[in-house]
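Okay, so chain A shows up in both of these, paired with chain B first and chain C after.
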Partner chain A sequence: MNSMKGNNKEKGIFREILNRRECYLLILPTFLLLLTFNYYPAFSAIYHSFFEWDGANFIRFIGFGNFINLFKDPTIPLSFLNTLRLTIASLLINLTFPLLAASLIFHLKNLRYAYFYRVLFVIPMVVPAMVIFMIWRFIYSPTTGLLNQLLRTIGLGHLARPWLGDFDLALYAVIFVGFPWVAGTSTLIYLAGFQNIPIELLDAVAIDGASTWTRFWRIELPLIMGQIKLIVILTLIGSIQGFVNIMVMTNGGPGEATMVPGLYLYRNAMYYNKMGYACAIGTFLFLIIITLTYLNLRYLKSGVEYQA
Partner chain B sequence: MNYKREVCKVIWLLLLISLLLNTQLGFGAEKKVVKMYAQALTPRERLEADRWDPPKYMWTLEKEYEKLHPDVDIQFVPEIPTGYEEWLVTQMTGATSPEIVWYQRGYIARDYKKGWFVNLTPYLNEPNPYVKGNKKWIDIFQPPVIASGTAPDGNIYMITGDIVGTGVFYNKDMFKKVGVSVPSIWSQFLTVQKKIKAAGYIPFSISMDLSGGVQLWGSWCTRILQDVLYDHKMSEIKGVKEPVKRTWKPGENLPPQVMVKAIKKGTYSAKDPEWKEMLRILKDWSQYWPEGFWALPPDEVYRLWVTGKASMAWLGSWMNKPVRFDPLRKFEWGIFPKIPRITKETSPYGGIDFPAMAGVGGVFQYAIASSAEKRGVLKETIDWMRFITAPQNLIPLLNDHGGFAPGTKDTKGADPSLKVYVDQMVKYGTERIEPFDSMLTREFVDNLWKLLQQFLAGKIDIEKMTDEVQKEMVKAADQLLAEHPEWSK
Partner chain C sequence: MNKELKHDFPIHIFLIILGILTFYPFVFTIITSFKDNFQFIHNFWGITWPLHLSNYTDAWSRISRYILNSAIVTTSSAFGVLAIASISAFVFARFNFPGREFLFLCILSLLMIPGILTLVPAFLLVKRLGLLNTYWVLILPYISGGQVFAIFILRSFIASLPEELFEAARVDGATTFQSFFSIAVPLSKPILVTVAIMNVLSTWNDYVWPLVTIPDGRMWTITVGIVSFSSQYGGLEMWGPMFAGYVIASIPLIVLFFFTMRYFIAGLTSGALKV
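Entry: the complex of A and B
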């Protein structure tokens, strides 16, 4: 009886799909593209991480060999330490400056000004990140760079240095790119969160005589916790996987002072013909990201979801 | 229902149109497409930001060729300013590359086993129909030029058709102002730089930055220095009794298999006093380089020189035309094509001239992708290559660019201003020892440059540097032996 019920149910699902075939046909290309360009490469990378593979002809199963090498490779701990620094810095930046900017825009009394500033913060997003990195690279140039020129002009020439060539400061110079870090998606996400707070609630807070700080800390912040959670996840993923800024600005140097796992993966895959090893680094990064995302979802509470 | 039928009709119609366009039915379906990545010879229109004319002559050749072969369509892939190697690896792996790709001839030894490129030896032994009376295509080239594309299996995988040279570009006005003249030996070279530095200028513009600087200037410096400092030891490294003379045929003296053997035997080691001497000389010289040279963007090297901030820059024949036309230059300039000699007084291993920092294969070093055969256009691709390598086509093509001398036997009509580089190369030969760029692994080279950067920036001392390099060198030699077991025989 149970199996007959199950069959009927299955038939029901298939019939439903058949009845709505146009809808399914319309979303089919998206599914196919996702499978081809997102899921297949990811699973292929996990599979190939167990092989010694040059990306062309040579392929040999080596079990956990790549993962064992990964733990012996001196560049790996160094690059992960750099990623840890970058991640902490990115989290601190994304959880403060854009939040402050969004809060200030939200509380502007004049709506036209609020709109103006919102547009102002969005405009820089149109510029490709690559261009921004290249511009900052020239800002940091040791001889003709804007930063050193400025320091020399205002009598602080002793502070001028090859910012991206300083073994102790290069990573922080990369972090500083984009200062004051207010233009971008994070500001917009926070702003959307603020705009979702019911005006009645804010009016009630005002009538109760709460200070600006109390209102922000006790009312607004808990209500945008969903956005904060999203920013945390996006920042974690971006910081752990990303390497374009490093590649463009320092290429991991000076020495290995700014090397990150993403760039090391890329070099192994593209330059050293060690595709299998690169896949193992990728798989390791995937495991870290999925663990951190789980922890974030599990332990960072979303706060109150207001229902109108 | 009618609405649905109409929608279906439109979809079918669109599908049919796209199918027609894709298969090019009625739009010259018979044409065979040959795509070429011509690197710096890629033709393009002048942009507002250009300070000199870009090359265009490929378009002339394309038109002439297509007139002769209306069934062939030659297409040029736009120039890729950065990340070319990554692009190439991806294209090759996916078998989607253009039929003709630019390729560093030295990397053939590393990549020929991957099956990416067509073995050109049989085609080179056939006549080139575009050269009158030619019986074998290979005969139109100067032998060292075409032989430079030979892989360790003895086959030629590259068509190399030009000669490139480097030299020290200097600011004549600044030299006059400071009261110095072109030095002829190393100690004078350093004195000149000392005076220029005292006058408030950057003496020598150079970059050891990891995004292109150290790969170029680090490589040049170490190659010429090693050739001189190891001169007395060349025969021992090669494992022969007779002296190893300089030639200008790349890889002739110490090919990868010889270097690997020498490293394993210990006749060539980073712990050698000659290696340490090289590092000492470089470190000493680096006091005259721009501040923070290990983080200086490579483009800045030329800019510092052309804007009059730096006195000298080690550039190449490819900059001949730009320097002539660059509106940023406001001074008289000259070239001394060789770095001044290191004498015995400067170093116990000195005493001979540096080799010419020149070589075969600059812009004209192309390989043909194996995918050309699968796409059924190999015959047309080879024919196009024969057409553009014919001297009557190659020479105007290279003249139009202005930075490379032809590598053909017939050089009639070649730009005379480039003769200085070729003469230097023929007279002094090129470096015999090239353990870095193309002889060992890319991983080794990357690690070497990172270490050199740290050493020159004062972060590690000479012992640490040579210990680490030696470790990396042995690792690379082991890897190459595993990939080429026949080398251990």
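Entry: the complex of A and C
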């Protein structure tokens, strides 16, 4: 009886699938591409992190060997420490300057100016990031660079130095790129958060005579928590895996002073042909990102939804 | 009016300072792009005459190829993403079929996979497929990766369209394709433009993937080209043409931005962007 019922049900599902074959056919291109260029490489990376592999013919299973080597490799702690510094700096930056800019724009009474500033701060976003890196590379360059020229002009020439070639300062120079950091996605995301705050609520607070400061901390901040969480996640993911800024500004140097895991992965794969080891670094970064994203979603206080 | 200005005045001061700090490097870039070396060394800060427009022709002759390559790759990828993602988003939004939720979750989970994880195997894959040094090596993975976010955004938009429209079409005997092309697509136009622009922005800026998959200098995209060009000109101390190159490299997206500003800001400020 039961089995017959199950059988019928199974037939039902098959018939349903057959009836809906058009749906599957239409989403087939999506999945063919994803299987080839996304799922396969992701699984391949995790799988090959357990192998010694030159990317071609030589392949040997070594279990957790790559991961054990990760902990013995002196470049690893150094590069992770740099990433930690970059991540903390990046979080501090993205949680302050763009928030300040968005809040200032939002509190303008003249809406035409508010729109003007919003557009103004979007324009630098469409300048290719690489052009911005190149301009900053010039700003820091030792002899003709803008920063050193500025210091000489204002009589502080003794402070001039090759910023990106300085062991102690190179990382901070990279962090400082893009100052004052207000032209970007973060500002726009915060602004969207502010704009979703119901106007009656702000009016009510204004009538109660709350100070700007109180209003910001007690009313606005809790209501844009959703945006803040998003920015924290995007910043974490971006700074843990990102290395293009380091690659084109310092290429990890001087020495290994600004080395980061992403760049180290790239080098192991492209220069040293240690594909298995590179995959292990990638897997390790993946685990860190997944964990942090999970913790963030789980424990950072969620957005307060205002209900009228 | 006066009261409004009084309230806004200190805010303007702050925002103008932030604006000047943000834009000064770009202004400096534009000013320097018109200088020859003598002007650059003897008048570092100011605007100098005559303007050397030849810097631009010089830079253009070096980077026009990269810009063309980037334009081809970026446009093809954006159209590819729109085509594939909008159909899938439509199916996920408007049809019920066994495994729908599971398959959609499979797509969403890819948002959690960082590019750094897939870099090495993806490179070895395209190498084995013989795609290195072709446009396809960029276009296909860009479509594949780009459609994930696009499907996510488009599905929720198409799902919010009123069911009566589709019901009416079905009663009139419209096929799936007809209701897709005559109802879903026209109504989703603004969001499609937004998705396309966000896609263009990310592919135009990508650096590492073209760097590893395009060893041949003639096929380079603008990001890879500009780095090499920068080192060449920097090494030769040809500052004017170097900065002219930066300006030229920025123009295509800025032009695109001015024509599509509304969609652009709408995409980035849409309420959907929060967790």
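Just so it is clear, the second predicted complex is superposed on the first by the 272 of 308 C-alpha atoms of A that agree within 3 Å, B and C clash if a C-alpha of one lies under 4 Å from a C-alpha of the other, contacts with A are read in each partner's own complex, and residues count from 1 in each chain.
The rule is short, and it goes like this: contacts are C-beta pairs under 8 Å (C-beta built on N, C-alpha and C of every residue); 3 or more make two chains touch, one makes a residue touch a chain.
Note that this is a predicted model, so its numbers are computed, not measured.
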item: Combined model on chain A where chain B meets chain C, clash or fit; value: clash
item: Chain B versus chain C as contact partner of A:54, first or second or both or neither; value: first
item: Partner chain in contact with A:27 - chain B first, chain C second, else both or neither; value: second
item: Partner chain(s) touched by A:144 [first = chain B, second = chain C, both, neither]; value: both
item: Residue contacts with chain A in the superposition, chain B compared against chain C; value: C
item: Partner chain in contact with A:267 - chain B first, chain C second, else both or neither; value: first
item: Which superposed partner A:165 touches (first chain B, second chain C, both, neither); value: first
item: Which of chain B and chain C A:254 touches, first, second, both or neither; value: first
item: Identified clashing stretch of chain B versus chain C [58-66, 94-102 or 184-192]; value: 94-102
item: Shared chain A surface residues [contacts with chain B and with chain C]; value: 55, 137-138, 141, 144, 248, 266, 270
item: Complex contacts: residues of chain B adjacent to chain A; value: 85-86, 89-90, 92-93, 113-116, 202, 209-211, 290-297, 300, 303-304, 309, 441-443, 446, 450-451, 453-454, 457, 459
item: Touching residues (chain side chain A, partner chain B) in the complex; value: 54-57, 137-138, 140-144, 161-167, 170, 248, 250-256, 266-267, 270-272
item: Parts of chain A lying in touch with chain C, wherever the complex brings them together; value: 13, 16-17, 20, 22-24, 26-27, 29-31, 33-34, 36-42, 44-46, 48, 55, 100-101, 104-105, 107-110, 113, 117-132, 134-139, 141, 144, 146, 149, 153, 179-180, 182-183, 185, 188-189, 191-193, 195-196, 226-227, 229-230, 233, 237, 240-241, 243-244, 247-248, 262, 265-266, 269-270, 275, 278-279, 282-283, 285-286, 289-290, 293, 297, 303
item: Sites on chain C touched by chain A in the complex; value: 4-5, 7-8, 11-12, 14-15, 18-19, 21-23, 25-26, 28-29, 40-41, 44-45, 84-85, 87-88, 90-92, 95, 97-98, 100, 103, 106-107, 110, 112-125, 140-141, 143-145, 147-148, 151, 176, 201, 204-205, 207-208, 212, 222-223, 226-227, 230, 234, 237, 239, 246, 249-250, 253-254, 256-257, 261, 264-265, 268-271, 273-275
